[in-house]
Amino acid sequence: MTISMSHDSYGKSDVRVMKVTHSPEGDSVVEYSVDIRVEGDFAEGYYTGDNTHVLPTDTMKNTVYILARKHDFDSPEAFALILARHFVDNHPHADRAFATVTERPWARLSPGGKTHPQGFTQATNERRTAYVDHSAEVTVVEGGLTDLVILKSTNSGFSDFLRDEYTTLQDAADRVLATSLTASWSYASPEVDFNAAFDKARTALLQTFADHQSLSVQHTLYAMGEEALKVAEEIDGVHIEMPNKHNLPVDLSPFGLDNPHEILMPIDEPSGFIEATLLRE
Amino acid sequence: MTISMSHDSYGKSDVRVMKVTHSPEGDSVVEYSVDIRVEGDFAEGYYTGDNTHVLPTDTMKNTVYILARKHDFDSPEAFALILARHFVDNHPHADRAFATVTERPWARLSPGGKTHPQGFTQATNERRTAYVDHSAEVTVVEGGLTDLVILKSTNSGFSDFLRDEYTTLQDAADRVLATSLTASWSYASPEVDFNAAFDKARTALLQTFADHQSLSVQHTLYAMGEEALKVAEEIDGVHIEMPNKHNLPVDLSPFGLDNPHEILMPIDEPSGFIEATLLRE
Amino acid sequence: MTISMSHDSYGKSDVRVMKVTHSPEGDSVVEYSVDIRVEGDFAEGYYTGDNTHVLPTDTMKNTVYILARKHDFDSPEAFALILARHFVDNHPHADRAFATVTERPWARLSPGGKTHPQGFTQATNERRTAYVDHSAEVTVVEGGLTDLVILKSTNSGFSDFLRDEYTTLQDAADRVLATSLTASWSYASPEVDFNAAFDKARTALLQTFADHQSLSVQHTLYAMGEEALKVAEEIDGVHIEMPNKHNLPVDLSPFGLDNPHEILMPIDEPSGFIEATLLRE
Amino acid sequence: MTISMSHDSYGKSDVRVMKVTHSPEGDSVVEYSVDIRVEGDFAEGYYTGDNTHVLPTDTMKNTVYILARKHDFDSPEAFALILARHFVDNHPHADRAFATVTERPWARLSPGGKTHPQGFTQATNERRTAYVDHSAEVTVVEGGLTDLVILKSTNSGFSDFLRDEYTTLQDAADRVLATSLTASWSYASPEVDFNAAFDKARTALLQTFADHQSLSVQHTLYAMGEEALKVAEEIDGVHIEMPNKHNLPVDLSPFGLDNPHEILMPIDEPSGFIEATLLRE
């Protein structure tokens, strides 16, 4: 029997780093979770345990902290670029490096309506994401967001769908539509203004979600992606995942009550799953 | 051997209900998770399996949905009162009922800065909580919040503490202080304006957290509770739990770098734990 | 306004420690998560930030590791006793200490049926728990287990229960009964053989759960507690919580199929909740 | 601007189904979580909201329950095949279907050492997994396992690795090695004995993990995959992921104590990440 190794990579997961900057106008707090992966000339380590090409993942962890201290950056994309380039540039055995940076956003506290210069809250489940795939040949940069839980209370239906012998679902002229949005987009180059692009894409996705006359999740997902590509010239493709997080109307008729889509039971599982990738031609 | 049963209760946990109200000025979406417990004359069910006193927990679930449809309420405290009173009033075997209502807040989406009438986001991990303990003799109502993650980037130290032979911690003149705040307060009566009290107490807690010149978590916790009691006359006691969620400064000296409290490593465990209950005399 | 502090405590949560012992006959691996709390003369720290009575929670963490190295112990109860006594005995300001020790069990791997001397798996979600409340006056020791997910496929019904106008549940002569068992018991003294008592109590709980002709969760819970008290003389009381984790029969009649309790839909929420405390008189 | 859709799929996630079979010799309980995805002629639904090709995901949920009732199957792979084939065979718009079946294993209870015919426990976090990708052209079947937490207390080192200016890790002649194993393998055909192959592959992975003289995680991962391919002829490739779940030796020297790799601090993050895919040539 001959065995070949068709793929291998290694790295460090979940390196958490917080960077606090003090300033008379107010402090800033940035928190990232970082994943590093490298591919390259590492097969001998697998075959024989020869570690001479293997930079410890502990060093990768140190590197995250050191580069966070040495460099200024204002976006997860920028930090992911610094990291991925570092490993390829400094390690001849690493042909390719991947850096994933996930931001847990800290926002200023505003008790009583006034923004506080040194008080913060990690208010949201939403995560901003960045991903860089860097090698001598090519640098791919992606931005995105995940775990953004959104709902529209009207202007959403699902009707005239395909029916088979196992179908019991009825047409719904109007229903609550909820999802936990994940979107990622590819930047046309590593030199764009990531924060401006993020703001444009995120706003387009949310505005379209809320406004759209939805005939299905698919229908709204496509409209959202289309609008993001329209308004954010910095990106040339967008992938969107929209699980359909169901909120089931409760049948109150056994108790002599109607239920005009008012009382719903949210369930975590099962959920629908809808995804698509849209490209600018 | 004689065995006695010194305590028993039963009920339903995690009944999730969403109530959507449509209005020309904009819809509203409220989502609660409800726990019901009853105590009373239920021992025979344990001893012999005689279920004639046992209302099914499935009926409790139905009741949550039915009462959500039948009643108007504008706070988790109000809904918890409706529920706890229902079981004691309608079931002779239930001497006492407990209702816990936890709100997952939905807020209006504001893509591009303009509030949307029918688009919502479940933006925060923070939960608003209500608890009612109701019997023929007494009705206790508590409000509160949990999982409110907050941080102050300055004005926090910890020095001159007790040292023993196992102490390695150094005095810290300034440090980042972070916590996941849980607070609950008892209302002086079931007739107060719960939402007004909630807003006053929450604002007092956050304002004091952010402003306080903190000599320890204990010190700040007490100041927060004191301010909540000062500004919210509707409450007569407050219990606060403030785990110290550590963000450890990374030692960069092996790499020839200083670290002026800028690069920190957030850790989930272990965490300090500080709690106290303050009462208005 | 006068404010009083009616209760306060502090400590350290989630200190994780693993102790590995090497031996020619085979190694042992023990993993605990430890919580420490102290109560005592600590109010001044809350009032004024005077930390002179406050032993840092960081020192408590160190103490867990140091005492794990210095002492031999063969149960979580024994380690909890060592810890709680340490703080009360060595710190005049600590009147009372609480130690909670939760074990994540590691078991020997047995690939191919043969037990391996140095290979282990953390095979189960079940946690063994110990709790000590120690002061100069009294020492309470509790043992227990949590998150033990169990199911019986027959010999469980729920019938002839109380019905009100909101009841839709039908009598069930037989149903699947599943729960995530939590049990804790108080030891008659701190000098008993904790491991022997644990084994007897756990076996009694499981044997009775599996064998019982169940007329309700309450009915089975009581029988389980009664048997534990019967067989484990070392314990004088037991508290049991048995959420009813529902597995709902799926209605297949719309598709021309029957469903003799064969195809079920497990749901995580809502769940029933049943609890009781039994004491040996 | 022209926009194209380069990829789309939809389906249902987390359909949970339990199948209970009663028998005089003892009952059986099988619990699966199922994901269904289809690809095909669905673009018009995205573009215009035309749902005439769109089978509701609610129907997919029904189908899981119906096919679980109609068919006998003895492995997650077999059920995944039934599901994936159903959608492609019955829906002309579905060119390709993917079914992922994850088993939560229920094992017989053995209180007091005797196996019980109707008492079960969901004892383990380990999940058995199956994945089928089916179209008119090709049927790919994969088996595997995930979340299998294992540890070896000796025979594991990491030395003579690459060092750069950010490296602080020291050579370790011996260390505790722990991981949460994920492995998946591709079957040579859809007609093999899945359960026999699963048992052989799993035993090979665990036996090799426990026995191997490990010079690195990479080294052990490769040996494990090699052995799985050797003993399980039914599979022609295996992908393994082994995060390095660190258990850090605690430095007790400040307290005048040594620590011969005995007292360790388990941490959840960060963790190393090692993966590879091995193929039989």
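In order of appearance the chains are A, B, C and D, and numbering begins at 1 in each one.
The criterion applied here is as follows: a contact is a pair of C-beta atoms (placed from the backbone, for glycine too) under 8 Å apart; a residue touches a chain by one contact, two chains touch by 3 or more.
Owing to the predicted nature of the structure, the values given are computational and were not obtained by experimental measurement.
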Comparison of B-C and A-C by number of C-beta pairs in contact, larger one: B-C
Mean-CA-position distance for chain C and chain B (Å): 24
Intercentroid distance (Cα basis), chain B paired with chain A, Å: 29
Gap in Å, rounded to a whole number, between the CA centres of chain C and chain A: 37
Residues of chain C whose C-beta touches two or more other chains: 16, 62, 66, 166, 168, 255, 267-269
Arrangement of touching chains [line / ring / star / complete / other]: complete
Residues of chain B defined as touching chain C within the complex: 1-16, 33, 35, 37, 42, 45-59, 61-63, 66, 90-91, 93, 158-164, 166-169, 214-219, 221-222, 225-226, 229-230, 237, 239, 243-244, 268-281
Sites on chain D touched by chain C in the complex: 16-22, 27, 29, 31, 62, 65-66, 68-70, 106, 109, 111-112, 116, 118-126, 148-155, 176, 202-203, 206-207, 209-211, 247, 250, 252, 255, 257, 259, 261-267
Touching residues on chain B, where the partner in the complex is chain D: 165-166, 168, 254-255, 267-269
